[in-house]
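Report on the structure given below.
Chain IDs A, B and C follow the sequence of writing; residue 1 opens each chain.
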Amino acid sequence: MIAFLIKRLMHAILVMFVISVLAFAIQDNLGDPVQQMVGQSVPESEREEIRERLGLNDPFLVQYARFARNAVQGDFGYSYFYREPALEVIARHLPATLELVFAATLIIVLFSVPIGVYSAIKPRSPISRLFMGVSIIGISIPVFLTAIVLIQIFAIGVTVTLFPESTGWGAWLNAFFSTEGNMPSFGRGYDLVNVVGNWDTNLATWNGLQHLVLPAVSLASIMLPLFIRLIRAEMMEVLQSEYVKYARAKGISMRRVYFVHALKNTMLPVITVGGVQIGTMVAYTILTETVFQWPGMGLMFLDAINRADIPLIVTYLMIVGVIFVVTNTIVDLIYGLVNPTVKLTGKPA
Amino acid sequence: MSTTSNSSQASASPGRWERVRDSYMWYSFKRDRTAQLCLAVFICMVIAAFASPLIAPTNPYDLAQIDIMSSELPPFWIDGADDRYALGTDAQGRDLWSIVLYGTRVSLLIGFGAVILQALLGVTFGLMAGYLGGRVDTILMRLADIQLSFSTLMVAIVVGALVKATMGSAFYSQYAVMMLILIIGLAEWPQYARTVRASVLAEKNKEYVDAARVMGLRSKRIMFRHVLPNTMSPIFVISTVQIANAIISEAALSFLGLGMPETHPSLGSLIKSGFDYIQSGSWWITLIPGAVLVVLVLSINLLGDWLRDVMNPRLYKG
Amino acid sequence: MTFKKTLLASVIGAVVAGTTLLPMTASAETLRIGYSADPETLDLHEQLSGGVLRFSHLAFDPLVRWTKDFQFEPRLATEWEQVDETTMRMTLREGVTFHSGNEFTAKDVVWTIERLKESPDYRAIFEPVASAEAVDDYTVEIVTTEPYPLLLNLATYIFPLDSEFYTGETDDGSDKAEIVKAGNSFASRNVSGTGPFIVTDRRQGVRVDFERFEDYWDTESEGNVSNIVMTPIAENASRVAALLSGGVDFIDAVPPNDLDRVREADGVNLIEIDGTRIIGFQMNEERVEAFQDARVRQAVDLAINQEGIADRLMRGFANPAGQFSPEGYSGHNPDLTPRYDIERAKELMAEAGYEEGFSVEMIAPNNRYVNDAQIAQAVANMLAQINIKVDLRTMPLAQYWPEYDTRESDMAMIGWHADTEDSANFFQYLTFCIDEETGAGQYNYGSYCNEEIDALVTEADSETDLEKRNEMLREAEAMLYEDVGFIMLHWQNLAYAAADGVEVEPVVNAIDFPYLGDLVVKSSDD
């Protein structure tokens, strides 16, 4: 167990080291931050002075060593754009992203488990087939396109005039397919409630929740079909197993077999994949947040790339690296607890 | 199960083995309406995309044909449409139908190119890791682990920045198609490597491999001539999914402004450029290329599903 | 996020509402501002930036300030006259006090000008000023090294500082007057100006709180804002969202993609102002021989449909331009309108021997100016009409300026706003023959050089008879128009947005520094 954690720690350090070196290697070509820090009529000599003062002219190794020394002490430097410590900037954007991921996860869990289980129990029913069909369409729609379609339908509104307006049924159908829009699709809203520190939540007010709906649904849309299919596949496999047959033979009610015995064993691989995928979702937020202008880490990261805000880019990548390693570790630990036959110190299978 | 069929047929000549496989596939294909439809749609789109210079009414790369004054015209079924532009025009005044055809070609090129690169890298590394084992295996799989723990998109963004940094942005935009193939190829090779490695591990201790080894064949030859053919079906199934993924990855990168430039757009960059105008009511600029992208990816995914059912390979899970 | 509804605040709010039960009166309004940038420092002379200049108009007053139509409005200087070619005498306002309680006199103006001349950011701009002298308590004489017609333009940058307040030593022994760039000086943390608002609290990058200065000299101002909470909201989207959801009452720099959204939203108003920033292209004559031929440059100009770009791509959020100077500027020449004539352009190309055309590389930013990348693409399309094949590259701002500085492309986009709000500035930076020594032509990407125009503008810059000077600058614009030393596209508009009742329109201007001291807020309860 301890050996496992140490190994993971080494893994995390390795990841962060690689990221920091990579990020440092690309920084020169991301652009010149000084250009954005001074007025247009400031002469080159002044700019050179600032560059010198920021240490941008030092050799690569010197800059890297300075960065690494400070980073170890928790100081990741100042964001050029925000003029604040990079870590603080990220801390400020983190709650928005986490809430979005949380809401999306909630949607995924609430829908994928019942749908997945149902379509495993009744694989041939038309409803199962419908779910499977819809889920493969879901996989095929990129997350940003889902977002755009949601915006068009629920935020901008659609006016359908396909059917003859003069007839009663035509007018009814037109009205039925038309949407009014008006759902917020832009930012977090301003009815946020402060929880603690810099964590303002969307979850406490109606307005906040409304703002959360479309981004969360579009973020969930990418994972939901995957989970439905995964749960269905695992469940079907479990239902074939001996002990389920045995439980059934013993006369335990079907409901109990499905939801207690079979589901429990289904969840194991689902948790493994799920944990990893939720880590991945943090990355997908880049797309979702860009479309909905959700002021979280993803949007911040893309802006930072465009602004050549190097300290912020490096810090973000390292933080995301840590998030991935941590979720993977937790997943493995849970896996180890649930299924003691897995040896945590073992080599990759 | 494929394991039994593989081992029992390993002694048969590859040609006959292929034919048997083909005939089963053909049988299943004949019965599966969805697969037929998807293949038809996919082939039509590929043909239309690669024949776009012949089909498209205008050449969107010929800038002289573009007139800003005819920008944002709606498609034919909406009032205010212009007969010359069936699907309307984008914000620059380009014919949407033509630009979507050309854009599909760009997307397909990148999708296929990236998957070929992924497969080359992944199969090579997977074979090495699985067959050679030991330290090579540990290093390669650790690399794959790390890379997989980040999503493709993140890796692609970082690799893209690296490529840009080493080659310069002028070079990058000049060879944008090649660059995107490289980025997406580098970002997703572990998918192949893991699958191939898993199959190799399953095959490695089979009699025919032992036999080859006893006969004194070199490991390179064993790997490529004997083990690889027996891992083809998972590779084949993965490839369809990966093509769809690569097309989506490219679209996502372009949507973030890190992919194809708007002068030479892929479906993703078309969606991006149209998104700026969706608020002002010109939805077709973004949703028409979007619909094309979905149909393309969906048909590939459904074909992949069908292939998976037919071939039933052992895929690496988790 | 900034507008947290803290528990404490809502409790206080409930208590206040419960005890007074009175509607807010029109004389006590709190204005919540969401600006794209906050002042980097409270020391006006540490950094020349939009954020600091906007702050200057809140806590300080300039000697004179610009009106909406580019006239000078007396502020701390009430009268001015040119005594001789190089000396201007200014009469100062009496009865003005600083926030510290000190009285404002001529010595403060002299002290401020001397400090400006030491500031790294302002040094170059105040180069022409030789000295300033207090004649008596309310008269000051400013002497320039040479006859200099733009002294009043400079005076808009002179916000007198409280010399007594900023003199002496701090507890730790450093000079209170020192200017430290991005450092922790006395002046960067403490303020005493004459302006309508006092800084009550400031947390860098988070918020600045202001309270109306009770002894403000301008009692005629109708401004009724009693408190200001200024929050920097750098992300465009968040800023717009803050306004739309009522978190703030006033924002600047509405992003172009959100103009429609804001225009149509209930309860908020979009205020568009004709801007003074010229957007255009420079042709690199060093790299492309054809661009050295005036006929080719004219053909390029004729092939570009400025009206089309302003109308279609910009959706009217720009005024098509045929010259540098927008209306109101000294050199604005009403005769110079955009040209568009493809046939003539083709003829000119043929005359110059380029009927077959040629290929060029073009660079443009994609996140600096409104719709910059789309404009560049449209221009590329238009140039294809006269067989100039454009290979366009767009990039984020951070990569654009380093790329621009290398001058390794054939055409480059640039937007320029004259710091002095004067026509000559455009020429000096954008089209003057490059001279490393004097810094002339610092942003002349294409190495365009027309000595006649340079001579005329230089002459104009020492002509103190403003009528004559304007005539010369108009002539310079006409010459440039003929010679096409710069491809003009349009002047990009500015966009502010404010909640209903916040009457921003009269106090905003093309210079982009709202005069919030004069802002009237009509309470919604009225």
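Just so we're on the same page, a contact is a pair of C-beta atoms (placed from the backbone, for glycine too) under 8 Å apart; a residue touches a chain by one contact, two chains touch by 3 or more.
Just so we're clear, the structure is a prediction, and the values are computed from it rather than from any experiment.
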Pair with more cross-chain C-beta pairs in contact, given B-C and A-C: A-C
Centrality ranking, top chain (CA atoms only): A
Rounded Å distance, subunit A centre to subunit B centre (Cα mean): 23
Between subunit C and subunit B, distance of the C-alpha-averaged centres to the nearest whole Å: 49
Interchain centroid distance [CA atoms averaged], subunit A/subunit C, Å: 40
Multi-chain contact residues (two or more partners), subunit C: 261, 399
Touching two or more other chains - residues of subunit A: 29-30, 305-306
Multi-chain contact sites of subunit B, meaning residues that touch two or more partners: 169, 257, 279
Complex contacts: residues of subunit C adjacent to subunit A: 1, 3-7, 40, 47-49, 120-121, 124-125, 181, 204-205, 234-238, 240-242, 244-247, 261, 367, 396-402, 416-417, 419, 429, 439, 442-443
Complex contact set, residues of subunit B against subunit A: 138, 141, 145-146, 149-151, 153-154, 157-158, 161-162, 164-166, 168-169, 244, 248, 251-252, 255-258, 271, 275, 278-279, 281, 283, 286-287, 290, 293-294, 297-298, 301-302, 305, 317-318
Residues of subunit A touching subunit B in the complex: 11, 14-15, 18-19, 22-23, 25-26, 28-30, 136-137, 139-145, 148-149, 151-152, 156, 269, 272-273, 276, 279-280, 283-284, 286-287, 290-291, 302, 305-306, 317, 320-321, 324-325, 328, 347-348
Subunit C-facing residues of subunit A, complex: 29-33, 35-36, 38-43, 46, 50, 81-84, 186-194, 198, 200, 207, 293, 295, 299, 303, 305-309
Contact set on subunit B toward subunit C in their complex: 62-64, 66-69, 71-72, 91-93, 169-170, 173, 257, 261-263, 273, 276, 279-280
